[in-house]
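In order of appearance the chains are A, B, C and D, and numbering begins at 1 in each one.
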Amino acid sequence: MQRKLTLGLASGLVAALLTMTSSVSAQKSATDDIAKYREMIADGNPSELYEAAGEELWKKPAGPKNVTLEQCNLGLGPGVVKGAAAQLPRYFKDTNKVQDLESRLMTCMQVLQGRDPEEMIDAPFQKGPKKDMEAIVAYVVTLSKGDKIKVSTAHPKEKEMYDLGKRAFFFQGGPMDFSCASCHAENGKRIRLQDLPNITEQKGAALGWGYWPAYRVSSGQFWTMQQRLNDCFRQQRFPFPIYGSDVTIALSMYMAKTANGGTVETPGLKR
Amino acid sequence: MNMKITHLKQLLAATGFIFATGLVQTPALAQQKNDPKFNKMIQESFRADGIAALNRIDQDATQKFCSDPKFADSKQGQAMREKIQKMNMDSIKQPSDGKYIGDWKNGERIAQSGRGATWTDTAETPIGGGCYNCHQIDYKEISYGNIGPSLTGYGKIRGYSPEVVTYTWNRINNSKAYNACSNMPRFAHFKLLNEKQMQDVMALLLDPESPVNK
Amino acid sequence: MNQQRRSVLKYSAVFGLMASAGLISTVQAQEWNKAAFEGKGLDDVFKILGAGSPDKSAAVTLNAPDIAENGAVVPVGITTTAKAEQMAILVEKNPSALAAQFFIPAGTDAFVTTRIKMGQTSNVYGLVKADGKWLMTVKEVKVTLGGCGG
Amino acid sequence: MADPMRVRAAENGGTVDVKILMKHDMESGQRKDAAGKTIPAWFISTINVKANGKDVFNGQFGPAVSKDPFLNFKYKGAKGDKIAVTWNDNKGDKRTDEATVS
């Protein structure tokens, strides 16, 4: 990206660089201190509280059919939770769709328990049916912690979703002209003191995708990937992305595929 | 079977490498193309919420062009880039009262705030400049981003000449006038900041009394 | 360890006796110190805790970050080489200074870590009561604005 | 009803390291709702930890303790100790959870 400077300002730039060096060291110590802070809170991730509740919900009969989610197929076969989240999103034959964890869980709730997915889609985050979803997500992703991210684009629908996601990543809109790429397509960038992973590269994508869902310190809430993406779009000043909509799954596919080979560190603990 | 796939991949990788040397722009040009599937996905994936209406995903020419950064940065994209910069430059209005420099204290408040214009805001929520999100400004504020260049000592370094003042005014109004795909929002174009607020931000950068220039 | 246990038992037996004799109430150690938690400034809280003006002491260590990425969660720990019976965390610029206090029975280490909220950059005080005397240490924790701020 | 806690207790060299996560909003009493009305403070006020029925820790929290409180302390103990953690909040809600020292 070119940043044009008029000639008259070029001389100022040299002076600016000179004054910058002293402040850079102050900034470095500030980011080091933030790293220390994160280390201090790393032990004792409140996600554990959600995970425990989620395990209970997973095994509790619910919905009109009064059935548990224990036979839910997250891609590795009915009832296999361990390692499943590390390979999502993926194509599912029964729905003929590429699904992320949350849209897949909605399918399980609909098919196994007879629950209406619209209720889940319309519910606000952190409340009602979404609260249950969030706990279940915490439980499921914890059982992939430490696994390698392994997402396939072998199926044509998976490849298509990936391509759509890549394009959506660069899609600008809203009154601030933002796209995901405005903040997440360059190395070494920060908003305020928060490092921004470069999601267009494997390392950065793993830093982003690998640590969400996470407990968010600033809100004191456990956030699923859908909520994380929702808040990205909110900050981008976009309209509201529908829960489980294709753009959210496409972006997840793009991030996950780019992150392949990285480690699942979920549930994370974030600012 | 597996073997075959690997072979195929290697083959594809090798041919891709050959292509890449001669045809760097191919994938970029492909993205610039209209894709009904993509358009449908975008149209169907969002809903209006509060002040965040659905027309926010209707792209203008600048947004459309910059959504394909590979093309935008390419040689083929240059003519369009210049056209877009000119269009944005032409939309800039100089201050109606001829005043460029307002109150730096208020400018600092605007620079600090990253609020406004989201679906959790109302039309009455004051929109911040969000300047510290991306720029270092007053050196005393340690929590600043680096997506944009440091603005510490802005006026002290660049001077307070009419050229610097006009350039800065234009940049705050519409950064795309200088760089078609600058990451900086077009504050005047989308009415994110009004004239007075922009004068105040100007003061933060260009009032000799502002802490930025101390 | 057994001996320690026994001494604790003996202590609590005496304590219980005193309680039944009406000398002190057993709930006293348990009852939430409303006055202290509602005390506004540092000095108010010092006074209510009976700490007067505590001496700064190298025997008390406050484990807290120099910068907190978010004021909603600031990890704070106190350790001391003194024989602590009570510890307290105070934040000078919070609406009420006292964030938490702890009672350390014999057999429990003089060590505690918790997480507190801070409205803004402030001095954080770690107080320790040992042998009836209050000691303290202080450290500034910077609270930064983070994220996109929206 | 209050949600369960997570209690982890591990012995090493005669010292038991106890880590507790409590599920509680810890409403500060400083926040306002959408209508501008102050949301009243609601927080865990006391916490008691027993090992084999004997007090090993007592704490008092104010509303400035973070949401979903975390507490870490150490006591002289042994593997197999039965830990019981009880909290009470300022609205009279309470919760007890148990764990065995590993």
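The definition used in the following text is that a residue touches a chain if its C-beta (ideal position, glycine included) is under 8 Å from a C-beta of that chain, and two chains touch if they have at least 3 such contacts.
Not measured: the values here are computed from a predicted model.
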Pair joined by the larger number of C-beta contacts - C-D, A-D: C-D
Separation of mean Cα positions, chain D and chain C [Å, integer]: 15
Distance from the mean Cα position of chain D to that of chain A, given in whole angstrom: 30
Inter-centroid spacing, chain B versus chain A (mean Cα positions, whole Å): 24
Chain B-chain C separation of Cα centroids, rounded to whole Å: 49
For chain A, residues that touch 2 or more chains besides their own: 30, 191-193, 220, 234-235
Residues of chain C whose C-beta touches two or more other chains: 67, 72-73, 115, 142, 144-150
Multi-chain contact sites of chain B, meaning residues that touch two or more partners: 118, 132-133, 142-143
Chain-chain contacts as defined at top: A-B, A-C, A-D, B-C, C-D
Residues of chain B touching chain C in the complex: 112-116, 118, 121, 128, 130, 132-133, 142-143
Parts of chain C lying in touch with chain D, wherever the complex brings them together: 1, 4-5, 8, 12, 29-30, 32-33, 37, 72-74, 77, 91, 94-96, 98-105, 107-109, 111-119
Of all residues in chain D, those that touch chain A in their complex: 3-6, 19, 21, 23, 25, 66-68, 70, 72
Residue ranges of chain D touching chain C (in the complex, touch as defined): 14-15, 26, 28, 30, 45-46, 48, 54-67, 69-78, 90
Complex interface listing, chain A residues touching chain C: 30, 33-34, 36-38, 40-41, 191-194, 217-220, 234-235, 271
